[in-house]
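Each of the two complexes below includes chain A, the first together with chain B, the second together with chain C.
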Partner chain A sequence: MHISEGILPLTTLAGGYAASAFGVAMGLRTIEDRQMVRTAMLSSAFFVTSFIHIPLGPTNIHLVLNGLVGLLAGWACFIAIGIALLLQALLFQFGGITTLGVNTLNMALPALACYLIFSPFLSIKKIPVFLTGFLCGSVSVFLSALFLSLSLVTAGESFIPAAKLVFATNIPLMFVDGLITALALQFIEKVKPEMLTS
Partner chain B sequence: MQLEVFSNGTSLLHSLDPRAKLLAYLPLIMLTALSSNIHQVSASLAVGIILTGIARLYSRLLVQRIAVVNAFMIFLWITLPFSISGDPLWHVGPLTASRQGTMLPFLITLKANAIALYTISLPGTSTIMSLSHAMLHLRIPGKLVTVFYFFYRYIGVIANEYSKMLRMLHARGFRSKTSLHTIRVYAFFTGMLFIKSHERSEKAYNALLMKGFSGKFPLLAHFNFRRQDLIFACLTGCLFLIIILL
Partner chain C sequence: MKSPAKHKPQPFSRVLSEVFVFFFTLSCFLLLSPDAYAHKIHLFCRFEGTTLHGEGFFSGGNPVKNSPINIFNLENGNLLASTMTSDEGTFAVSLEEKPSIQVVLDAGQGHRATWTWDKTSEKAEISQNNFADAQNPVPAITAGLIAIAVFFGILYLWKQRHAT
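For the complex of A and B:
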């Protein structure tokens, strides 16, 4: 889920960079040496899971999992997502360097929102982990798709159909990412619950 | 896993100081991304093509990369011609594509290709390690660069785990198809990958701690800004001005 180079106006690009820089700075303030290594490897896992393609009828979709990263990384999600997008832009020309700020914001802000909303759910035993995970996974993709479409619209009214199309293509992903996040979270809770509490 | 596919080479661009390349790269991509002048963008694309040629990177792989960049443009090509009004060009059912409407996606496609070529030929010809070193010189916080270093260092490790687990799945007869079973398998797969990365990070951190890690790495090799770097920076600076004046 990224916006390519050459579409957005300067105000959107600069705004994206400013907001992401703030998020990254907040993340850097909250992490100590141990979390530096942890965040980095979480980001490596995030980068590698984007290679997973889930078949969906005649086509397939690749996982985003920014909600899961948000839950696991907290405020450091801006760092984890930002560096993964930087590497994708440098190595694979997905997204881009000028759009790195906007793309990071579009994916990390929903992740952070999911962290703030859903991580308290995990400590309440009454709410099933599956439900928390599903909401976390689908809400984060929903918000990312929404922010992505809104950023496209800042390039001009003529981009409204493209924005709608991009949003619509992400709807199946909301369900798939929600399901995967739900089951993965259940799995992590069973196998290594301390990952969710620390 | 080989990720930096364009960084192996002996061309002039490969041997330049990464700082000089970033100094040339950042203004050029900003200019290209924000320009709405077809002459500027075409000139930029031409420069990109020439730079990739100087770096001797013309290959099947380059074509594949550029094809991916252009695949993302499909969204724009199928919507913009219909959403911008102007002289009718052709009709599809009730929709009319306008001549003006094809100019914008054309311009954006040129820009995206130009920037992709810049990215491949300038930062792409340096290793990620030397680029992260160069980031320190660009006043990017050291802590962030250290996290980036670890991230890049461990992608290979995590990717190995990934392919090992995938082989294991296939050995047990797993075939991915559109089903809940596939989703469940991939979810546990993902969960396991995150758990492995977490455990690995604990081990790596403990090992680092034992070696006296204090949050950053000392630098052994330093950059050396030579005359060829200066000449390159001046030449690209001139190119930048010429493109602006077009």
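For the complex of A and C:
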């Protein structure tokens, strides 16, 4: 789900950087000392999951896990995702430096939305953690694919077919990411339940 | 607001062991993932009139499916056309003329192949730029993980300094 260099117009790139900078600033302001190790781990997980591919039918997808990052990191998800994407761009040429802002926004904004929507579910404990995790993982990938497609559309009408195709190929990922997020949350609930509510 | 009574700091040794287990698990996942060691990709194109036909495939023979193709005019750097490869890894783009172009196939994960056409010499040049195949990616991934740990370590110290 990385947008490469040289595709998006300057306004989209600048808008992406501005919005991501605001998110990172909010993350820096709200992150607490006790969240530091957790956020670093979530950032590492996000960084590494791009290398774990799952063959699915005619295509090949990799996990994103931005929903899990958002749910457990809150506003700090902008820092966790931003630094992971920066390192992916520098070390592996995934995405690019000019598109870092847009790519961070496309991944972190859905993660933040999932935090705002689903973290109350973890606190009230009326909905099973597995279901919350599945919905969180699915919704985050759905929103990321949607934002990614919309970003491509800003590059011009010629990118509309590509935007549609990108969105369609990410539909299976919604279910896979939802399942992995659900299993991860269920595991955390068993071994360290306080992590879900703090 | 912080609540020291509610959030007792964990012993450093325990934090360290948790971090070690986490990174060890990540490394195992990574080493067991065969796709971490990716394959080289190839891009071949040909003109039929002013229509450019092309095909992208991995070194094992599998087609590069549903991946973006961007065609740039080499004289001014403008993006001439964009499309996606089919399930067979093929694509076709109608151009108005036959300028000097560079076709870029981006298969993701650092897999990138280019095909360059020079209109004056009417010669094509192919190049693959594949980080994952050129070298083992695990050292770079390890460097990335260390960079993340260092970044958050610095952030921790910075937050502590500004908290007082």
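Criterion: the second predicted complex is superposed on the first by the 187 of 198 C-alpha atoms of A that agree within 3 Å, B and C clash if a C-alpha of one lies under 4 Å from a C-alpha of the other, contacts with A are read in each partner's own complex, and residues count from 1 in each chain.
Note that a residue touches a chain if its C-beta (ideal position, glycine included) is under 8 Å from a C-beta of that chain, and two chains touch if they have at least 3 such contacts.
The structure displayed is predicted, hence computed values, not measured ones.
Superposition of the two complexes onto chain A shows a clash between chain B and chain C. Of the two partner chains placed around the shared chain by superposition, chain B is the only one that A:Ile97 touches, whereas chain C remains out of contact.
Once the two complexes are overlaid on the shared chain, A:Leu165 sits against chain B and chain C alike. Once the two complexes are laid over each other on the shared chain, residue contacts for A:Gly6 go to chain B and to chain C alike.
Contacts of A:Ser50 after superposition on the shared chain: chain C is touched, whereas chain B is not.
Residue contacts after overlaying the shared chain place A:Ala40 against chain B and chain C alike.
Residue contacts after overlaying the shared chain place A:Leu183 against chain B, while chain C stays out of touching range. Of the two partner chains placed by superposition, only chain C is touched by A:Gln88; chain B is not. Contact comparison for chain A: of chain B and chain C, B touches the greater number of residues. Note on the chain A alignment: of 8-16, 26-34 or 62-70, the part of chain B that runs into chain C is 62-70.
The residues of chain A shared by its contacts with chain B and with chain C are 4, 6-7, 28, 31, 33-34, 36-37, 39-41, 43-45, 47-48, 51-53, 79, 83-84, 87, 91-94, 158-159, 161-162, 165. Residues 3-5, 26, 29-30, 32-34, 65, 68-69, 72-73, 75-76, 78-80, 82-84, 101, 104, 107-108, 110-112, 115-116, 119-120, 123-124, 128, 131, 141, 143-144, 146-155, 157-159, 162, 176-178, 182-184, 186-202, 204-205, 208-209, 213-215 of chain B are the ones that touch chain A when the two sit in their complex.
Per the touch definition, chain A reaches chain B in the complex via residues 4-10, 13, 24-25, 28, 31, 33-34, 36-45, 47-49, 51-57, 63, 65, 68, 72, 79, 83-84, 86-87, 89-94, 96-99, 157-162, 165-166, 176, 179-188, 191-192, 195.
Contact residues on chain C toward chain A in their complex (touch as defined above): 2, 7, 9, 15, 18-19, 22-23, 26, 29-30, 33, 35-36, 65-66, 68, 70, 72, 79, 81-84, 87, 106, 108-110, 112, 131-132, 137, 140-141, 143-145, 147-149, 151-152, 155-156, 159-160, 163.
Of all the residues in chain A, the ones that touch chain C in their complex are 2, 4, 6-7, 28, 31-34, 36-37, 39-41, 43-45, 47-48, 50-53, 58-60, 62, 79, 83-84, 87-88, 91-94, 158-159, 161-162, 165, 169, 198.
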